[in-house]
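Supplied in structure tokens, the structure appears directly below.
In order of appearance the chains are A, B and C, and numbering begins at 1 in each one.
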Amino acid sequence: MARMKFLCDAERCIECNACVTACKNENEVPWGINRRRVVTINDGKPGERSISVACMHCSDAPCMAVCPVDCFYQTDDGVVLHSKDLCIGCGYCFYACPFGAPQFPQASNFGSRGKMDKCTFCAGGPEKDNSAVEFQKYGRNRLAEGKLPLGAEMCATKALLAGDGDKVADTYRERVVSRGFGSGAWGWGRAYPGQSGG
Amino acid sequence: MGHKTFSHAKLTLNSNQLSQGIAGVFLFMAAFLMLGSLVFPTNAKASSVRPPANATINALPENSSPQPAPKATGGFVPGNTLGNRSQTSFWKSVRDGAIGTRDTMQAFPSPLIQSQGQDWRYLRNNYISRYGGWLLIGVTGLIALFYLIRGRIKIKSGRSGAVIPRFSLTQRVVHWFTAVLFILLSISGLILLFGKHLFIPLIGKTAFGVVASASMQSHNLFGPLFIIATLTMFFVFLKGNGFKLVDLKWALKGGGFFGGHASSHRYNFGEKAWFWWAIILGITLSLSGLILEFPWLVGTNMWPLLAGLAHGGAALLMIAFAIGHIYIGTVGMEGSLEGMTRGSVDENWAREHHDLWYQEHNKEATGDHPPAKAQAATSKG
Amino acid sequence: MTFLEFVEGPAWYVAITIFTIGVLWRFLGIIAIGRRTDMSAPKGSASAGFVKAIFRHFLPRTIFAERTRVHILGGYSFHLGLFILLFFAAPHVVFIKAHILGFGWPALPRWAFIIAAQAAFAGLILLWVRRICDPVMRQISDWDDHVGTILTFLVMLTGCLALQESVEALRALHMLFVNIWLIYFPFSRLMHAFTFILSRGYTGATYGHRGIVP
């Protein structure tokens, strides 16, 4: 089985937010939630970099480790998914996540956060693949349709790569070689420790 | 047919009006443009879409031959696309949680990586839930062992039948009010902390999801009430809970739990320790709980993390002590529970466990003889 | 039929019918007993006394205010909180619209509803604890008082457990206790929610007739 991974090439991201919009539209994410965000460091200064970030689907996922109801599970592809039926909206996954991926639909007064929502690698949830219930709760299951996450597919500069980790790593390696610099794939050291590539 | 002709005529009339209107608009626009050309005469020349000859352009000259790619020298990298250095310090700052900007909606500042969550996970899973669990099991085990060895502590000289007042109605009401909330909060809190390991293997994830949802909602609702309870308890029980020298002696004698007699005033060292333990931990729980329930109070993500750890740790320490408190207040000692239910205790119990308080009470009572059958229960709060 | 459909369907209609008929029966029954005829010449209006007493007794008598401060604090906190959360909590408004009246009204925001619920819980626990701790209260309480308190507490507790509004089982549990509570209501002291008008009014009318402000 392929190990699915995200990679955002900081040398290519132009902060167009197309991935954010594409994701929101494809998955019909509720108002107030963005599963993906583009963060710009040193905005407006020399050497500014933008990075598109969402759930990185970590190998040893912190959200999974701290969830009090154990609502997370990792698929054979390495995608970290969760069950909204089990989620109690405690927000622990948000505290533990290094990438700020878990999102909550409500403002938090008296702990009323609602069910957690996060990037699913366009792989839906525990419900039947491509069912209406699955779409309503988790968005499109593109992986079941043989497609990759839309945010990456839509990326105009091909900064955001998604797919089989080995292939993503090969693509990035080629880029690094031809560019001659910028070999640190953002976030990989944290998300996929002890693995080659990037 | 006649009808059609009529409508056609009307249409013609209408288009006539329309064309007149359009002509009027054009006339107005033409007049405006003419006026504009009079006021801004240079505009007339700006008709070409081509850049002016002196414009800076970034396209390569058409006939230039491709130049050899520049080599990376002295840490500089070629290209100059997004700065020309591979900035290790930059990526280090990102790893350390550099705050970026973002154009989409955000509640909090946007770090790319927040590593504190890793520490939080480590401390919570490896220290609080593990050692906290062992702490509760250990305390329960020790108390069970103590019960097996020492048994229920009886009133040695038997009940005298005469009682003296110990806790006022207000004190009792506040105590049980706090106790009810404490039990509701402990149960729901422990379910959230340990339920994953204890109940999921037993009842499955779906059923536990229901229990956990109920636990969290009730925990969040009762939490703020516990703050009021803790503060009220502080003021209602403060008197007589200051530490004195006799408390040190009491502690050194082991409180008389293992034989021997340890004198004490109205509250002994154990009771005083529990009072301050409950108040200090109660305030810790209150403050950290408020941060967890209202994260916008503090803004950044750092505070809820610390609050989460403090809340769990303080709760476990408090529950551990509470197990002992509940034991000695009920099965562990004869005659102690009625002080908190009826408000009065047996004279012999008072003499055996709180001799100094008993003597003071006798001095205060009329004459030198002990107050027989004092109607403690009817004293108002 | 799921359990939720049962407790929100047939069981709910049975419960609300028993509640309505029972309350009317007891209320009208008390009215039917009537007032003892007072042959004396009226020195004031009995009707005015009836109305005055109902409102006058919302305020504590100053001579008792000190002695009954827990009672007043708990009583008002519980009853006001319960009233607000019963009629202005968003899920309740939706239920009233769907199952009872057919129309709704603006609901409170969630935080205000929670604060009302907290006030109600604090009041109920306080009153119950006092009922047990105060020797006089314990003497004059019987099993009906405790059952009424426990049932009300369970209705509120299960409602609080269902606050996430996502788990069917918890909603059903809440509805189950609501139904039990509704059936128990007319046959118990919970009737004071309606009969306080008559008891206060009776006293007020008697004294009003004698020309005394009750």
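In this text, contacts are C-beta pairs under 8 Å (C-beta built on N, C-alpha and C of every residue); 3 or more make two chains touch, one makes a residue touch a chain.
What you see is a predicted model, and the numbers here were worked out from it, not measured in a lab.
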item: Pair of chains joined by more contacts [C-beta pairs], A-B or B-C; value: A-B
item: Innermost chain, where centres are averages of C-alpha coordinates; value: B
item: Whole-Å gap separating chain A and chain C, where each centre is the average of the chain's CA atoms; value: 52
item: Separation of chain B from chain C, taking each centre as the mean of its C-alpha atoms, in whole Å; value: 34
item: Inter-centroid spacing, chain B versus chain A (mean Cα positions, whole Å); value: 27
item: Multi-chain contact sites of chain A, meaning residues that touch two or more partners; value: 85, 88-89, 109-110, 112
item: Multi-chain contact sites of chain B, meaning residues that touch two or more partners; value: 209, 213, 216-217, 220-221, 224
item: Numbers and ranges of chain C residues touching at least 2 other chains; value: 114, 163-164, 166
item: Interface residues, chain C side, partner chain B - complex; value: 67, 70, 114, 117-118, 121-122, 125-126, 129-130, 132-136, 157, 160-164, 166-167, 169-170
item: Chain C - residues contacting chain A, complex; value: 110-111, 114, 163-164, 166
item: Residue ranges of chain B in contact with chain A within the complex; value: 72, 77-79, 81-83, 85-87, 90-91, 93-95, 98, 100-106, 110-115, 117-118, 120-121, 124-125, 192-193, 195-196, 200, 205-206, 208-209, 212-213, 216-217, 219-221, 224, 292-296, 301, 304-305, 308
item: Of all residues in chain B, those that touch chain C in their complex; value: 169-170, 172-173, 176-177, 180-181, 209-210, 213-214, 216-218, 220-222, 224-225, 228, 341-343, 377-378, 380-381
item: Of all residues in chain A, those that touch chain C in their complex; value: 85, 88-89, 109-110, 112, 115
